[in-house]
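The two complexes that follow have chain A in common; it is paired with chain B in the first and with chain C in the second.
Right after this comes the complex of A and B.
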């Protein structure tokens, strides 16, 4: 098992674009680690730099304390799965899987035996004689994984491993991928732009933007306490409510009503942004007794999400959305009151966009 | 149905019939013109196939007085068969140089970013037509005989090797240009994938790129062979020894004592001369199923 340690990693492309900006990151041994961000945030460049396909402009990359910053890709003991799988179209499945071993100069019987063993492990035994063009997308993806597994690397790098699959297959492949990583216990870094995929698969997530890590944490941390408004916006299948607010003592004035301010938020920062996930917002059809002056408004839109409904409420000139169970759906146009679940209300600084109170001033 | 309606229906029927008639006339016209054009092109080929078997061929197509005498005569010419072998040596040698050189150059030019790459390619393409062009023949001859000959006889006049090099020089730029399109169409992730598994650049070229551009390589090989097979000027100038001259040069000598072209021998030798090219085309087309791509990505 290999620990990855990146220090001060910077990549500036020839055109002058800074893709990675003094990045520090440690991936623990055996961890399933996600690099998440919108396109152009540098996540793929970071993965390619780890693989050695891009040269770092400055900084160092260490795999298990070995400095590999200037080491050729083939000598880093990594296996990479590409977004388009990059299966060689002129080779059969078994030749594709055993190609890394061929490059390493292993004898043919050993190669074939290992390829067939890995193929069996991944449920490909019936397909070994086929060419990639005769496989479905999901099968191609598994062959690409098998090829990576067959060379028994110290590290897996996956570039958008699920993005070329259709929605249903993606869920299936997600479970498969997670189980495979657990069984092999190999440190794995994967890149994705899909926050749901990152939340579902990763042990830890680095949310990236403009070549920097905006937040690093477990899926639960990143989902429940986004470190800034960028992460808050990016994570979650229903976007977080982010509305202007004012701190008054221990109260927070939001959308024509009042919430209790989270602990530690002081009146010094008067103008702030309040953030609350729709999933953490409760709807009441009468003014709640324990929360007088809660924001109130009329229901404008109902969106069916299956077992839940996304309710948009116009209140005090703002639109707030809340997720309610299907049997608690309010009628459109009815008046409702909103309260946050305890401990779920977040407050962000208007200038820096950072979460208040800052827990770790150094970070 | 009212009478008015039935007239309307009849009108529609009449219009449809007229439409069919026009379409039919158009088809007939189209095929008539196509036939005329194909006859225009087929006649010389027909002559090529019939004349060798005719005892006294003329500039006309007629049912031959069947004979194989012409083949006997041409085969007794001491230069005829060796000239075909010479053609083969020159063509295959040049094709090998062109395919190898073009594969390496096209891969490098496609994958390595160098400033002015496209300009370089276009200039090369432009100049290549000069290398084997008529205007360059005198300097080319002098270069081969004075410079090449001074270094080693193999590089001088009367050497198959120097003819091969000159022909390669003329064909290589266009070959690189065509092949670069093939290489460009291969996603770089194939090569990156192989690199991460530890393959060296040469290994990547051998294991991944070459198998994927085989149709392109076959196209270029065929194109080079056809070009050399049909080239008269370069071997005519650079080869003096009749034993070394290829078929394209030998044809020129097939005259009667009176100085007239010997039609029987010309036609017979032309048939022999064209058969290998046709055979090669059929073979390559069957094996690689290539279409003549030219420089255009399919």
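Right after this comes the complex of A and C.
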């Protein structure tokens, strides 16, 4: 198992665009690691630089303490799965899977045996003689995975491995991919722009923007405590409520009402942004006794999410949304009160966009 | 009425199952061109007539005329010009027993093989492949220079090459510092082969540039990540993708080179008949020697050779598509 250590990694393209900006990152051995971000954030460049397809402008890349920054892609012992799978259309499935072994000069019986074994492992045994054009999207993806697995690399790099599949197949492939990675235990870095995919698959996520890592953490940390408003906006299938707020002592004035301020947020930062996920906001049909002056308003929109409903409430000139179970749905136009679940209310600095109170980096 | 068996008769079959039998009967003979504008056959022909006329006058008539004079003893001057006699297949028998005909075929074969199939093809591909990752501006300059050789008028180009290869004060001799080598006399075939490679590479280069951009970058990168060498990448990834382009390009430049008249402007077919390739042989027979009937027979034989070549390539292309 291989640890990846990137230090001060910078990539500036010929046109002067800085794709990676002094990046420091460590991926632990056996970890399933996601690079998440909007398009143009540098995540694909980072993956390609690790593969050696792009040359770093400065900084170092180490695989298991070996400096590979200037090593040719073929000598890095990595396997990459591309978004379009990059299967060779003129080769059969078995030839595609065994291609890296062929390049490495293995004898034909050996590489065919390996390709068939890996193919069986990935449920491709009935398809080995076919050409890629005779395969479905999901099957093609598994062939591409099998080709990566067959050469037993130290590292897997996946570039948007699921984005060419349709929605239902994607869920299926997600489970498959996660199980495969667990079984093989190979350090894996994958790139995605889909936050749900990153949350579902990864052991840890690096959320990137403009060539820098905005937040690094487990899916739970990234979801529950986004480090800044960019991450808060990007993560979550229903967008986080981000509304202007004022700190008054230990209270937070929000949307015409008052919440108890999170611990450690002091009055010094008077103008702030309050952030709370709709999933963590409770609805009450009467003023709650334990939270007097809670924000209140009328229900304007109901959006059915299946087992839950997304309720949008107009209160004090702001729109706040909350997710409620299907049987607790309020009537449109009715008056409701809102309170956060304990410990779920977040406060962001208006200038820097960072989460308050700032944590000691060591802690 | 029998329904023609076509691949797209499926809709008609579907309609046959329809509840209304009248409609089914109506559409049974459906696959036929529909005159949707209401022009009528006569007026439609009128629109096509000018094009047909031009094709007839400038393509069809000369072809038939050549066929005709090939069967006569028609000459440029003299009594046989005024009063040509039909000699039927005499010309063909003469051509097929004439050593200079086989000489010209052999020279044409060498010319096509070395200057087009190997020279232009190879050099064009190499230029396209080796410049593909250079900076756009550098590539433009290379492309422009190569293209220049292609777009200059033949007469200008011929003059330049004579000036370069001439025995008295030729540029090449001056560069090499050994005056007195008469390249066009001592190495005439090599000279026109190098000339034609230089002259025609632009087309292959541009065609291969376009073809190479159709190779998915991710497949090239997969080969790179596997550690494939340049040769392996070409063999395993690039050529399978551009095989159709290679065949098409080879077909086109073969036919063009086969009928190329450019070398005439440099060597005139000489010295002697050392560079008398097919087109030059034909010209010399017809215009210099005035033997028009004989040259008619030669041109028909050259046409047959062209058709055979084209059919062979097309067959290869089709086999590739069906595999």
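By our rule, the second predicted complex is superposed on the first by the 360 of 363 C-alpha atoms of A that agree within 3 Å, B and C clash if a C-alpha of one lies under 4 Å from a C-alpha of the other, contacts with A are read in each partner's own complex, and residues count from 1 in each chain.
Everything below uses one rule, namely that contacts are C-beta pairs under 8 Å (C-beta built on N, C-alpha and C of every residue); 3 or more make two chains touch, one makes a residue touch a chain.
Keep in mind that what you see is a predicted model, and the values were worked out from it rather than measured.
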Chain C versus chain B on the shared chain A, clash or fit after superposition: clash
Chain B versus chain C as contact partner of A:290, first or second or both or neither: neither
Touching partner for A:90 - first (chain B), second (chain C), both, neither: both
Partner chain(s) touched by A:327 [first = chain B, second = chain C, both, neither]: neither
Which of chain B and chain C A:166 touches, first, second, both or neither: neither
Which of chain B and chain C A:351 touches, first, second, both or neither: neither
Contacts on chain A seen with chain B and repeated with chain C across the two complexes: 51-53, 73-76, 78-80, 82-84, 86, 88-90, 99-100, 103-104, 151
Chain A residues within the chain B interface of the complex: 51-53, 73-76, 78-80, 82-84, 86, 88-90, 99-100, 103-104, 151
Residue ranges of chain B in contact with chain A within the complex: 187, 189-190, 192-200, 203, 207-208, 211-212
Contacting residues of chain A [partner chain C, same complex]: 14, 51-53, 72-76, 78-80, 82-90, 99-100, 103-104, 147, 151
For the chain C and chain A complex, residues of the former touching the latter: 135, 216, 218-219, 221-228, 232, 236-237, 240-241
